[in-house]
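Just below is one structure, and these are the notes that go with it.
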Amino acid sequence: MLSKLTTSAQTRQWPGHIPVEYVYTAGIAGEAFLRALKDRGMLLTSQCPQCQTVYLPARLYCEQCFEETKQYEEIAPKGWVHTYTVAHVDIDGEALAVPQIYAFIRFGGTNGGLIHRLGQTQPHQVSIGMEVEALLLPGKERTGSINDITCFQPTK
Amino acid sequence: MTVNIKQWPGTALATRDLEQGHVLTVKYKPRAEYAWDAGVAIARYLEELKAGRLIARSCKQCDRILIPPRMFCEECFRPTDSWVYVEDTGTVNTFSICHVRWDVVRLDQPQLPAVIHVDGASPGMGILHLLGEVAPEEVYIGMKVKAVWEEASRRQGSITDIRHWKPWKEE
Amino acid sequence: MAKVAVVGAGMTRFVRRAQETGRELSWQAAKMALDAAGLRLKDVDAVVIGSAPDAFDGVHMKGEYLADGSGGWCKPTLRCYVGGGTGVFAPIQAWYHIASGRFDTVLVVCEEKMSSCHPHPQGAFLTIFDHTTERALGPNLLWIFALEMNRYMTVHGITKREIAEVAVKNKRNALDHPCAQLGANLTVDDVLASEELAWPVNRLDVSPASDGAAAVVMCSEHVAKRTSPQPVWLEGVGWHLDTAYWTNRDLYYPQYLEYAARMAYDMAGIKEPRKEIHIVEPYDPFDYKELHHLEGLLLCKRGEAARLTVDGVTQRDGDLPVCPSGGLLGVGNPIAAAGLMKVCELFWQLRGEAGKRQVPGMPRRGLAQAWGDLMQVGTVVIMGI
């Protein structure tokens, strides 16, 4: 029905973009988490007073009980690989010079965990359950970002 | 009950809290570029603009001549029927005198956006465009206007092939 | 039709820039609403989230992102979005969740965090214009409001001075709102003397960009009667959408809103809205919009709303109190949250809990309304006790 009308229509495209950029705050609990990382190289957790879930990173509230979490505690950035992947291409699909290992890392006594890079190791050496620890930037170079951790590496 | 709430939640920050790093922030600029298809009706509309003409579509069920042109009538929910050339003159239905860009940066010269009802289309059929060759204080609703076309060699098949609309007196 | 009630309301302060993340704001408002209702998250059967474009917060799939802070953990959760109309659309979604009989208790949470978006949240809105026939002209969101305001003023012969009375009233009302961002004692001359952005719109004619969240708890009749000392009933809901060919409409009158209002009045059995509605919270992102909407809501004749305002009829102690909260112009405009703030206001007003903002005379029925998309959607709820 419409097809006969398209004969005179050239294919036309109109280019454009959406002119925005973002400045995100870390939030109340996120700010405390990043400060602990920056200032002390530690990971901040918070615990729900009702169901005892220990959130890592720390959260303001328990999503299950809707209570405000209390009991903020810092733990050393040592955990184990819960799962991992090896990336061979970048965001545009171009081959990476060196494959990058990304892992979900969990920590004893907590729920949750962190997604981060794995370094100082090779893809074939990584295994689920492997113990890892954070390789931190020197204190002066930290900015209060998740990238204050350069990567996680096998525990020495 | 609400009068008993002493401290309502929400923590206000000042601009300096961000600028001076009192709170931690993450910056991100999305990489999202688009190439939007003009579609069937608007592709023809653009082609005709390049030729220095305005074209509309007619719907014979509601007896309307529609501009911008569209391949279906949203009122009758059926395909429109035929192409109809309309005039490059019209009437200002409403206008503004805009002093700022979208990011609220002041402009040197105000822009005069307007909805222009196009002669030859059904009553109420307007398009968005800009007015020119007129002092802002002289514009009024109901003013007759005529399209000022870009030189033929410079037209690209774009709504900007009409530079703007200027005041016009019917002869 | 099954009866549905609002049994609790909560909100955060509306601020230009909040430290909280969007999900933290959501939790603060939702928790307050549940506490007010005397309910816990385990009592909630389903969650409705309202939030405007993802591009404001800069979080794609904002509904999913906000879900945990909105109580959506392991629950049936829905996010709705009709631009600025979202905040009043969200409780309508909850209404049919409950009216269907499938759910008894629904938590409704609306959030917006516009401060993330730089250099200006308008940037996220530019694609609302047609990419080919309009964006090439370099449009600016203010254009459509300025064009509509001019058309409205010119058709009815209304002045900027009359319209500025709305901004003065709402910002003054907001002085009594503990969550307000822009409460102020201003004069009409202050509004007229503020920076001209896009004639006829001056800076003080416009509501600010804001961060904030609001929430309500809604229940079926049997749960409301069991748990709430004073349920506020949703007596009518209505919504309507006009064409996105906005240059083909006559902007002087919001026809879509009249249809939405008629739908809500019909459901509520209201024959004479002007007599039967005691408080109105129409959507007021711009001062002229309050007037435009009062007309679309059939609460006065076309072109008459400015007169009512100048005569003081719409003051908190007037015959038809309009935006006793302080509205978007005074309380602030975190888009979806601002709409739901109006529903919260009716809840507090009808229960006599509005404190310094309390409308005198024990109002028994109110109407909240929001507006959005490409100036084409009207959403309406009528609440009563």
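The chains carry the letters A, B and C, assigned in the order they are written, with residues numbered from 1 in each.
Everything that follows uses one rule, which is that a contact is a pair of C-beta atoms (placed from the backbone, for glycine too) under 8 Å apart; a residue touches a chain by one contact, two chains touch by 3 or more.
Given the structure is predicted, the values throughout are model-derived calculations rather than measurements.
Engineer: Chain contact topology under the given definition, line, ring, star, complete or other?
Structural biologist: Topology of touching chains reads as complete, every chain touching all others.
Engineer: Which two chains have the most contacts between them?
Structural biologist: B-C
Engineer: So what's the Cα centroid distance for chain A and chain B, whole Å?
Structural biologist: The answer is 42 Å.
Engineer: Which integer distance in Å separates the CA centroid of chain B from that of chain C?
Structural biologist: Centres of chain B and chain C (C-alpha means) sit 26 Å apart.
Engineer: Taking each chain's centre as its mean C-alpha position, how far apart are chain A and chain C in Å?
Structural biologist: For chain A versus chain C, the centre distance works out to 36 Å.
Engineer: Note the residues in chain C that touch 2 or more other chains, in rising order.
Structural biologist: 17-20, 58, 115, 119, 123, 126, 131-132, 136
Engineer: Chain B: which residues touch two or more other chains?
Structural biologist: Residues 11, 13, 18, 23, 28, 30, 34, 36, 38, 42, 46, 102-103 of chain B touch two or more partner chains.
Engineer: Of all residues in chain A, which are in touch with two or more distinct other chains?
Structural biologist: Answer for chain A, listing residues that touch two or more other chains: 12, 14, 16, 18-26, 28, 30-31.
Engineer: Which part of chain A faces chain B closely enough to touch in the complex?
Structural biologist: 1-2, 5-6, 8-26, 28, 30-31, 34-35, 143-145
Engineer: Would you pull the chain C residues touching chain B in the complex into a rising list?
Structural biologist: Residues in contact with chain B: 11-20, 25, 28-29, 32, 36, 58, 115, 119-120, 122-123, 126, 129-134, 136-143, 146-148, 150-151, 154, 178-179, 196-201, 211-212, 243, 245, 247-251, 348, 351, 353-355.
Engineer: Can you tell me which positions in chain B touch chain C when the two form their complex?
Structural biologist: That would be residues 1-3, 5, 8-15, 17-18, 23, 28, 30, 34, 36, 38-39, 42, 45-46, 66, 68, 70, 74, 93-104, 111, 113-115, 124-130, 136, 141, 158-160 of chain B.
Engineer: Per the contact definition, I'd like the list of chain A residues that touch chain C in the complex.
Structural biologist: 12, 14, 16, 18-31, 60-61, 63-66, 68
Engineer: Using the touch rule from the top, collect the residues of chain C that touch chain A in their complex.
Structural biologist: Per the stated touch rule, the residues are 17-21, 23-24, 27, 30-31, 34, 40-41, 55, 58, 68-69, 71, 73-74, 115-119, 123-124, 126-127, 131-132, 135-136.
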